[in-house]
Structures are given as structure tokens and as C-alpha cells.
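The following pair of complexes shares a single chain, chain A, combined with chain B in the former and chain C in the latter.
And now, the complex of A and B:
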């Protein structure tokens, strides 16, 4: 229990810092600028945000504004807590682990909406409504691919899903699943091609009127959620802590770093579709694709 | 009533949270707040289900209610006259009737709980309850389950179709006009196209005054 709790905290904090560093390395690599300060810059920026004055808007929903960053951070931690860090070491060992993860996904949409809505200001509000429209169908994608990943294990427990990948990882059995799940990861953290909540065209969207410690907490929560997504993707599609030669936790960390690198690359290399076109793409192309993935896995298991 | 365990304390706290949040739904003045307070009430109920050793139904309740209340908030704001949902508005109507209905329902349900002989049969922790539920839903209860699902979906679609045509200021597909800003004055908002505008739909003239 204590081991699992400590490793969860280490994974979240270390992973969030690492993701922020990767973001800066990616920008430096694309723009051809030196990346000498990439390792300390995230910490310096966090300190800068913490020291900045908090601003307030006209008649905000004060409770929602305070709660949103804290809840987002809590959802990232709860989501990651179902991932086994080593064989048999998992903080929340539920028989319905992936349903709990799904509940965290759904509540994330609520919390991001709350963040934008509670400011009572135009740009955050547009970000909030736009996010709900895009994130809800993206949520359905992940439901199909997670059920497909649970089928070979015949269990909803993440530990059992990891165990079912001893012979072959799920990414080999059902490669579209990982791709669709990573899309959901980008949507949960509103990054790159799925940045509909806090984008530049809305001057920061739901966070446009947030500054100071609340802004720092919001940015940290986004990074922590990205780490949680990497952890879940590693456990469900890449066999989690399973692997030869090296100890289990190290395997998990290596896989999470690889998934983080993929997510960061997608953030900086892929363009964002206009919201209405993305909505069409989600309902018309991606959702049927996710359903097809589930059907194929089912047929393959029956044969 | 011997031995007040931690589970009892948790049950009492969750029940209280569910009731208080449910009451606040009717006391708040914003549709978005009302939706999220109702969500809070359902989350407390989900906690009670988890205490009852129903891990799948408990967590699925959290998941379903989060999505449903979010959709409800967005739809209520879309269909009602409160832009964004932060403006204060009265959340209740037909006060006397609803109070009477609420009191009668509460008394009836309380009587049912107190008078019926409830089983006291704790679930064996080793029992595969999630598997049992899956077999039940996809076996004997499949027809009931699927019928209920399709009926609910049809109801939702029909409700949206019925609600979306008669718009706020007349039929929404016939170019409705909002009321004036002063009694009997010019209609507020954007002016509809001139009479021949119906044909050339993609020309938008903006009239500035």
C-alpha cells in the first residue's frame, strides 16, 4: 500500500516534469533553437506562475473556480492509481479498474467545463462548450477500445488485463486501439490536434482569465493527466510492468516515457481541425472505426 | 443498533450528502449549478452502491451520471432562455403541487422501507458479482434491458425533435423574430432578410443603424 502510494506520487510528479521538458525539447528541435535550459525551464515557469497575482472576473462561480484545478489533479491521480506499478503492486486493485478509469475520463469533461464556465467570461465559456462537444464523442471512442482490450482478459480489472498480455501485447493484437486511445489522451489534456478547451485562438480558452497559483495548478494537472494517460496506455496496450531482464517498475517507466514521447510529438507536429469538422470526423469516421476494432477483437476471440 | 462501524458512518455521511445536494438542486438559481448539484447527489448514491458491494454498478453510476448531467446542462442551456447558465433564474414551478407530491412520495417510500422485511444477507466478498451481473444482463434480462435502452433513446430523440421546432419566438424553421426591446418596439437582434431573401439564402446583408 505505502509502496504503491509512493510510487504513484513519484510517477505523477516525475512524469509531469518530464512531459514539460519533452514539450520544450520538441519545440527546440522543431525550431532549431538550443535546448540548454529545457530541464529547468518548466520549474522556473511554474515558480513564475506561482508568484503572479491571481486575477478575478466579474461575478464568477467562486466554488467552481477553486475546485476545478484541484479536481482535475485528483482525477489524474485516481486514474493512474489503477495501473499496476509492478506485478501485484497496485494502489486501487478493483475488479472494475477500467470502469473507474472511464469514470475519471467522464468527470474530467465535467471539470474542464466547470473551469471554463465558472469564470463567467466569454473566451473561457466558448472553450468550455466547445470542449464538451468534442470530448464527449471522444470519450465514446475510448469506451470501445477499452472494452476491446478487456475482452482477451475476460475481466475489467487492469491487473488481469496486464496479465493477459504475457504472450503478446494488446498493441499487436489490436493496434487501432492504441491509436484511438492516444487520441483520447490528447483530448483529455487538450493538446495539439485536440486542443479545443485552452487553444490559442481563444487566448487560452478556459484558462484565459486564470492566473497565479490557480493557473500553475491547472497546467500541472494537465501534465499529470497526460502522465496518467501514458500509464493507462502502457498497462492496457503495452503490457505494463511485464518484460524480460529488467525489473517491472523500470519497464513500466520506459513504456510510459515512450508513450509520453509519442503524445508530445503529436502535440507539436499535428495540426488541429476546425471544431465542426472534427466533430464530423469523430462521429462519422473515428467512432465506427472504434466499433469495428471492438468487433474484430470479438470475432478473433471467437475463432 | 449495536456497534457503529466505519461503514455505518460512511453510509450516514453519503446519505446526508445525497439528500442535501438533492435539496440544493431546487434552491439554486442556475441550470448548470442545478445539474452539477444533482451530479453530486448521484455521486453520493454511487458511493453507497460501492458500500453495498456492487463495484460495477457503483462506478458505472459515476461514469453515466457524469456524462448525463454534462449533456443535461448543455441541453438545458441550449433550449432555455438563459445564455450560458450563469444568469439567475427560478428553478421551480407549481410549488404547492410539487411540495405535496414530494411529501407523499417521501412518506410512501419511507413506509415501504420501514414496513417491508428487508433481507440481511451480506454478499460473500469472493463472489464474482461483476461476472454474475454480466451473465444476467446478457442472458435472462437481455430483452428487458435492450427494450428499455431503445425506448429511452427513442424518447430522447423524439423530445429533441419536438422541442427544437417551436423555437423561442415562433417556429424555428420559418425565421422567427424576437420581441421588441420596449413594448411594441422594433424586434431586437438581427433583422431577417428582405422578402426575396428566402430564395438567395447565402447572401447575408448586415444592416447598420
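And now, the complex of A and C:
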């Protein structure tokens, strides 16, 4: 229990820092800007935010403003807690781990909306509305994909899903599943092509009115959720801690870093569609694709 | 002790600056954006330093005061080629303030200087004019203009006839997604614009010529499509837009969006990438009729798909569209 708790905290904190460093490196590499301080810069930015004042807006929903980043961080931690760190080491060993993760996904939509709503200002509210419209179909997509991954294991437990990949990883059996799950990951953390909550055209969207420590908390929670997504993707599609020669936890970390690299690259290299275009793509192309993925896996298992 | 450690750590980050470009100030701000010592942020709430580059119109001064007061403490102001309207550090038109901004950021983090005080009193900009059941002047708990700002009230949606809350607000003149100086009065339902009115045109900007000018315009659009790093590369390495198609920017822009003079937003971006000038806009064309029915994101793309001079002519007269 203690081992699992400590490793969860280490994964979340270390992973969040790692993801922020990878973000800086990706920006430097793409834009041609010097990357000299990439390893310190995320911490330096956080320190700068902690030193600035948290401004309140006129008549905000004060409880909501405090709760939103805290709940978002909690959802990331709870989501990651169903991922086995090594064989037999998992904080929340539920027979319905996938369902708990799904609940965290769904509640993320509520929390992000709360963040935009609670500022009592137009740009954050537009970000909040927009996020709900895009995130709902994305969640449906993830349900199909995760059920398809659970089918070969005949269990909703993440430990069982990892176990079912001893012979062959799910990414080989159902490659579209990983791609669709990574899209969900970008939507849950509103990054790059799925940044409909906090984009630049809304001056920071739900976070447009957030400053100082509150902004640091929100950014940290976003990074932690990205780490949780990488952990879940590694467990469900890449065999989690399974692997030869190296110890299990190291395998998990390596796989998570690889998934983070993919997510960071997609963040900075893929354009964002206007929301109505994305909505059409989600309902007309991606959702049927996710359903087809599920049907194909089902048929393959029957044969 | 802990604070001084944080202050030392914070000094390693680029200075978070909210840049306000005034008359002929945009080019200077865009040059500053390439300096690694400075990070131009999208909201005054995210900034430690307010940079005003170029002169500000008299009618925009109240907006600038409000924007200044929205910044978190500790904060400071730098006036670059601009007559100071309140306290701050002046930098001449031939200076380049990146180093000053970094020093200022360090001093603010270490509490080595006083934070700018508020300019305006902390009270609502308009008096309470409430009447009716709940004192706000609308129906039930909705509508009315309690502090001179209209509250949301249900109205028919333009696209599907659903009755949703319509909300009116003024956007600009210093919203980073808009060209500097542009002020729009918009009525929105969700993120769909129901009606638009141009209140103030964008500032006059000195037009550059040549490949760099085309790339700067393309970079603005690419940035708003969620690709700031790719946009910076366009400006930093003048290798053209060759790799741009792989990022999906052209596919992301809907066909026919903002079509004027036979060219839509996608065509204008493509023309800039190929260092061509799109055909001139029809003289009678206006910005306000282009916006109703568009989502916020699409509207921002349309507004940024014109050159500064074109946009000024599109905003030429005060007009209303619904």
C-alpha cells in the first residue's frame, strides 16, 4: 500500500515535470528558439506564479474557483491509481478499474466547466461551453476503445488487462485504439489540436482570469492529467510494467515517457480545427471508427 | 528564506509580459516576441509587466487603465516609443526593451521595487440601475443591465431556432486575438456570434513589404490555429511555408470561411505562404456582416486573415449587422 502510494506520487510529480520539460524542448526544437534552460524553466515559471497575487474577478463563484484545480488534480491521481506500477503493486486494485477511470474522464468535463464558469467573465465561459461540446463525444469514443481493450482480458480490471498482454500487446491487436485513446488524452488535458478550453484565441479561455498560485495549480493539474493519460495508455495498450530484462516499474516509466513524447509532439505539430468542424469529425468519423474498432476486436475473439 | 529561493528560481524564467501595441507598435511587439528573455502572454492576469508599444488613442485610455489594474501584484509598466499615461519606465523608439524587461522581472520577483498601484478606484464602471423583481431590470432572474452591462437573456438561436441565452459584451481594443485597437460589440449565444458592430477600427500600422511581411501575416493565423511553435519557426527561419501543409492548417480552415473578393481565409493564407498578394477587397465590403453566424474561433480567423490596412478599410464606417 505504502509502496503503491509513494510510487503514484513519484510518477505524478516526476511525470508532470518531465512533461513540462518535453514541452519546452519540443517548442525549442520546432521554433528554433534556444533550449538552454528547458530543465529549470518549468520550475522557474511555477516559482514566478507562486510569487504573484491571485486576482479575484467581480463576483466570482469563489468555492468553484478553489475547487476546480484541486478536483482536477484529484481526478488525475485517482485515474492513475488504477494503473499497476509493478506486478502486484497497484494502489486501487478494483475489478472495475476501467469504470473508475471512465468516471474520472467524465468528471474532468464537469471540473473544466466549473473552472470556466466560476470566473464570472465572458472568455472563460466561452471556453467552458466549448469544452463541454467537444469533450462529451470524445468521452464516448474512449468508452468504445477501452471496452475493446478489456475484451481480450474478459475483465474490467486494469491489472487483468495488463496480464492479458503477456503474449502480445494490445497496440498490436488493435492499433487504432491507441490512436483514439491519445486523442482523448489531448482532449482531457486540452492541448494542441484539442485545446478548446484554454486556447490563445480566448486569451487563455477558462484560465484567462486566473493568476498567481491558482494558475500554477491549474497548469500542474493539467500536466498531472497528461501523466495519468500516459500511464493508462501504457497499461492498456503497451503492457504496462510487462517486459524482459528490466524491472517492471522501469518498463512502465519508459513506456509512459514514449507516450508523453507522442502527446507532446501532437500538441505542437497538429493544427486545431474550429469547434464545429471538430464536432462533425468526432461524430461522423471518429465515433464510428471507435465502434468499428470494438466490433473488429469482438469478431476476432469469437473466431 | 523560502521567498528569496523562489525569487531566485523565478528569475530563470522568461519575463511574462502583456504587450499592448498602439499606433505603429505591432511590428516592434512581434520582433520582441522572438526574444527568449521575454514571453508574451495572452491575458493581463498572466503577466508581471505591461508593455505599451506606440501611442494609444484617447478613447482607448480608459481600457488601458482597466487592463493595467487587472494585472496581479507585483507588477510594472514599460512605455516603448509611447508617451507615458501613468507611472512606468520609458524606452525610446530606437531602444529594444528585452533586457530591461528581464531586469524588471527579476526585481519584481525579488520585491526589490514597489508594485504599480491601481489607477482606477475599485468600483463598478457604471452605477447600479436595477429595477424589477430582483433589482436588475430584466424578467425573472435574467436580462437587464444592472451595472451598465447587459445580463444574458434567452433569444432565438440563428442556426437552429433553439432559445438560448444571448449575451452582449464589448471585446477589444487590446485582446491579443484581435488586431490591436479593434473594438467589437458582439452578442453571443454560447460561442456563436449573433450580431456584431464595429465600435473602433484597428490602429494604423506601418505596412512592411516583401517575404517577411507575408510570413508575419501567415504566422499570426498559424498561431491562432493552435501552433505557436510552428508560427515562430515561420518567422525565425525564412524557409517559407513548405512544411506547413503537414500540420493540417489548410485542412483545419473550413472552405468558404470569410470569402471576400473571391478569396476565403484558406486562399488568403495560401497566397501569403506563396508570397502572393490576394486580390483587392471590394470597396463596399464591411467586417460586421461577415461575423454573425460564425463561432468565436472562426470569427477570429476571419478577422486575422486581412492585412492591417484591409481591416481598417473593412471597419471604415460605423455599421451594424444582425
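The rule is simple: the second predicted complex is superposed on the first by the 303 of 303 C-alpha atoms of A that agree within 3 Å, B and C clash if a C-alpha of one lies under 4 Å from a C-alpha of the other, contacts with A are read in each partner's own complex, and residues count from 1 in each chain.
The rule we apply is simple: a residue touches a chain if its C-beta (ideal position, glycine included) is under 8 Å from a C-beta of that chain, and two chains touch if they have at least 3 such contacts.
Given the structure is predicted, the values throughout are model-derived calculations rather than measurements.
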Q.
Tell me the contact category for A:48 with respect to chain B and chain C: first, second, both or neither.
A. second
**Q.** Which superposed partner A:31 touches (first chain B, second chain C, both, neither)
**A.** second
Q.
Between chain B and chain C, which one contacts more residues of chain A in the superposed model?
A. C
Q) Just chain B (first), just chain C (second), both, or neither: which does A:203 touch? A) second
Q. Just chain B (first), just chain C (second), both, or neither: which does A:92 touch?
A. neither
Q. After superposition on the shared chain, which partner residues are touched by A:129: those of chain B (first), chain C (second), both, or neither?
A. both
Q: With the two complexes superposed on chain A, say which partner A:156 touches: chain B (first), chain C (second), both, or neither.
A: first
(Q) After overlaying the two complexes on chain A, where does the chain B footprint on chain A coincide with the chain C footprint? (A) 129, 133
Q | Contact footprint of chain B on chain A as seen in their complex | A | 59, 61, 64, 94-96, 99-100, 102-103, 106-107, 109-110, 113-114, 117, 120, 125, 129, 132-133, 136, 139, 156
Q) In their shared complex, at which residues does chain A touch chain C? A) 26-27, 30-34, 37, 40-41, 43-45, 47-48, 50-55, 58, 122, 126, 129-130, 133, 192-193, 195, 199-204, 207-212, 215, 268-277
Q | Touching residues on chain C, where the partner in the complex is chain A | A | 3, 6-7, 9-14, 16, 34, 36, 41-43, 45-46, 48, 70-74, 105, 109, 124, 167, 169, 171, 175-177, 188, 190-191, 222-230, 232-233, 236-237, 246-249, 251-254, 257, 295-298, 300-301
Q | Footprint of chain A on chain B - complex, ascending | A | 32-33, 36, 39, 55-56, 59-60, 62-63, 66-67, 69-71, 73-74, 84-86, 128-130
